[in-house]
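A, B and C label the chains in the order they appear, each numbered from 1.
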Amino acid sequence: MNIAIVGGRVIDPAHDVDATTSLFVRDGIIAGLGEAPSGFMPERTINADGLVVCPGLIDLRARLREPGCEHKGTVETETRAALAGGITQLCCPPDTNPAIDTAVAAQWLIDRARSLGGAHIRPIGALTRGLNATHLADMHALHKAGCVGVGNGLMPIKDTAVLRHALEYAAGLGLLVFLTPEDPWLSQAGVMHEGRMATRLGLAGIPESAETIEISRALMLIEETGVRAHFCGISSARSAALVAEAKRRGAMVTADTPIHQLYVTEDDVGIFDTNYRLRPPARTAADRDALRAALATGTIDAVCSDHQPHEADAKERPFSDAEPGIAGLETLLPLTLRLVELGIVPLTTALAAVTARPAALLGIPAGTLAVGRCADICLYDPRTEWTPTPASVHTRGCNSPFFGTTMRGQVAMTLHEGRIAYERPGPR
Amino acid sequence: MIDVEEALARVIDGARSFRERKPVLIGIHTGGVWIAERLHKGLGLVEPLGTLDISFYRDDFSRVGIHPQVKTSHLPIPLDGRHIILVDDVLHTGRTIRAAMNEIFDFARPASIALAVLIVRDGRELPVQPDIAGVAISLKPWQHIKLTGPDPLGIRIMEKSE
Amino acid sequence: MAIEPDNAYHLRHFLTTEDLSGGAIGEILDTAESFISVGEREIKKVPLLRGKTIVNLFFEASTRTRTTFEIAGKRLSADIININTSVSSTQKGESLLDTVRNLEAMHTDLFVVRHPLSGAADLIARSVPKHVHVVNAGDGRHAHPTQGLLDMFTIRRYKGDFRRLTVAIVGDVLHSRVARSQIHALTALGTKEVRVVGPRSLLPAAVESLGVSAHTDMETGLAGADVVIMLRLQFERMSGALIPSAGEYFSLYGLTRERLARADKDAIVMHPGPMNRGLEIASDVADGPQSVILPQVTNGIAVRMAILARLAGASAGEGRTS
């Protein structure tokens, strides 16, 4: 299908494009920017007047819950929710049940999303078999099956020798390793940031050192093995500083933070609000501010939804029994745009953090509107205000502290591989 | 206007006929205790008088809740088999007296209870009548009469909205 | 006046001492004073809560708290039902809220809840219909507000004005919901100085943010104190590496007569119970002249009566018609 998107503000952070112009899509790829390719006959012309046209978002971490926890979400529901949030590609951690530790499991996920017409899944393969933290998984096979890298999800690798071997092996294959910076000994009992609020509420805390110790341990091995590594979800100022320093030393490390981490603090837990039961935990206002600054300087390469959908019952429990996480696919874009409103980063940097930068660290040809690339495109109205509610969002997840909060910036349409994969109903 | 001292004198006068029974005086907090004290002196009784706070026995508790400054009920002598004069300032609906009698029976089984009040007004909701009364008056339903004191004793008639 | 405006939440439910003003606490203690006399009567019963149903819902074993709530409820003429259930059984089957909804359907007026997880009572309070009240009888490490207030009652009886007092809370503050409730109440009442004393591994992070000073040395911690509150060393909650041994703990933090001599000569010694004699407190101190541990228990009934009565009586009114 030939599609012309005319009159929109086209922003492609990867190529410093920010202009009101037209974009032409043919046979699933971007065929022209500004000027239509010769002989182009649009079958559909989209008036993008007043809209921003940017690359489809790339989400570094979204749990779809299938296989294993289909009552919380499925490939079908969550990849559709992703498209409604402007996300065309997403990385899925290996801690499903069963884990993504075989080529078949990875291939199944990719094919499933494709057959359902949802966002493109880029699985992260298991680093160890069944995430058992003792026996390496078939990383090469996983990579061949389409995994963008390997990791152990939320399962810790306590044995440093195993971790070292895993990193050595991955380094030899040139694979990107995803690491969750969480020392199991210091974090296992905790349910929120160890500090003033945890003391008040009598909740077991997760000290900042739970994160910094694991980052430090991993950095020593990363630098020793020369592996490319990515830290999933850093939450503290000290962590950001450790990553910045490692980058200065030339270590091949990148890092992300969940977008909500740039907004929430320990105080939000209030009186046991389980919507703020998070992993990593919301830390202090100073940590939040440092993370914002780290995004601006590039120490933090990307932001992600860290989508963790749950059924309502999973949160209607005493705080420490409640399951952690936010269903965040559909608030990723507006929360990213809010960073611009708050003056933390310019618009192109904000959009880069969910498009070009994750694409670069994953090494995938996406996150750009360059001619010849796959036509993954997000069109959003930067002025529309809307309020997400459990009923209004597409995810099966019922858990978000942002439900009921007014968001500015709403996806109008998402093109995935040149096809209109999502179009917001109703007149614009 | 009501003359408090005159009414009080009538109560003391009326109570004289009970003297031979060696009555125990029990005043209901707060106004009833003031009257009981005067009556105690007037009758020249030697045994200490008792005081009751009927807060725990009120029938409107679930509507109005509990007053934070509940006084302690204080019944210093055994009441079993004794003749009691229960004293209050105003008899209105009769509910306070009902509550007070319930409370007394949680302490003991007296031989008899007589009721002495300074002021009897209309508006009875229970079959309760005084044995000794200082003065009877009739008020509008929205009016409220209150004893002020303890020294000097006075009467205030208030509109309910006050 | 009605119990203070703090907020309506506290009036409907009694979940924590946090955010209670000194005035509001004082009112509850005043009410409790008047209930003391009920326990001294021949018939220890008043009809205040006649016809009300109270469910003691205990997800964690407790003898003393459950019993004193039961006695308090019975002295107010309420019907009390005890339900003791282990958390593991609810995890297998119905959820905590399902358990509560089932009991609610049986026309419960008031729940007294004890649960091993912080925030459980708040969760229940948020889910019950408007006419149902919830009293927190201890949730995880978070709060044990009735214990906190009965301790304030005891301190007030023996020591009077909080603004002149130095109070030392000694022991396992980290795992203690009692300590948290005491600290909030003591600071609200304007206590001159509140100290927590214990090994750093048993003091919570940022404990100073609660308005107390932290001491790891028992001698300086007790110096000149008017009130010494010993906390139970909660073995069942220890994960192993927090203290080296019972012997070393007692040698550093056990309350002995010699140590108590560091405190004010008229200092009182309190313990929320159950005591570990010879572990956190020496027997001769626990049974000594400065100990008010048993009166604490007696006062517990009156304070719990006051709290039950205040909640079940909807809003407190001052109107009294004859």
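By definition in this document, a contact is a pair of C-beta atoms (placed from the backbone, for glycine too) under 8 Å apart; a residue touches a chain by one contact, two chains touch by 3 or more.
Note that the coordinates shown come from a computational prediction; the quantities given were computed from them, not determined experimentally.
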item	value
Chain at maximum distance from subunit A, centres defined as averaged CA atoms	B
Central chain of the complex, centres being mean CA coordinates	C
Distance between the centres, which are taken as Cα means, of subunit B and subunit A, whole angstrom	76
Whole-Å gap between the CA centroids of subunit B and subunit C	39
Centroid spacing, where centroids are CA-atom means, of subunit A and subunit C in whole angstrom	45
Contact set on subunit C toward subunit A in their complex	18, 95-97, 115, 117-120, 122-123, 127, 139-143, 177, 180, 204-207, 209-210, 239
Of all residues in subunit C, those that touch subunit B in their complex	1-3, 27-28, 30-31, 33-34, 36-38, 41-43, 45-48, 309-310, 312-322
List of subunit B residues in touch with subunit C within their complex	53, 55-57, 61-74, 88-93, 95-96, 102-103, 106-108, 144
Residue ranges of subunit A touching subunit C (in the complex, touch as defined)	189, 194-196, 198-205, 207, 271-272, 313, 316-321
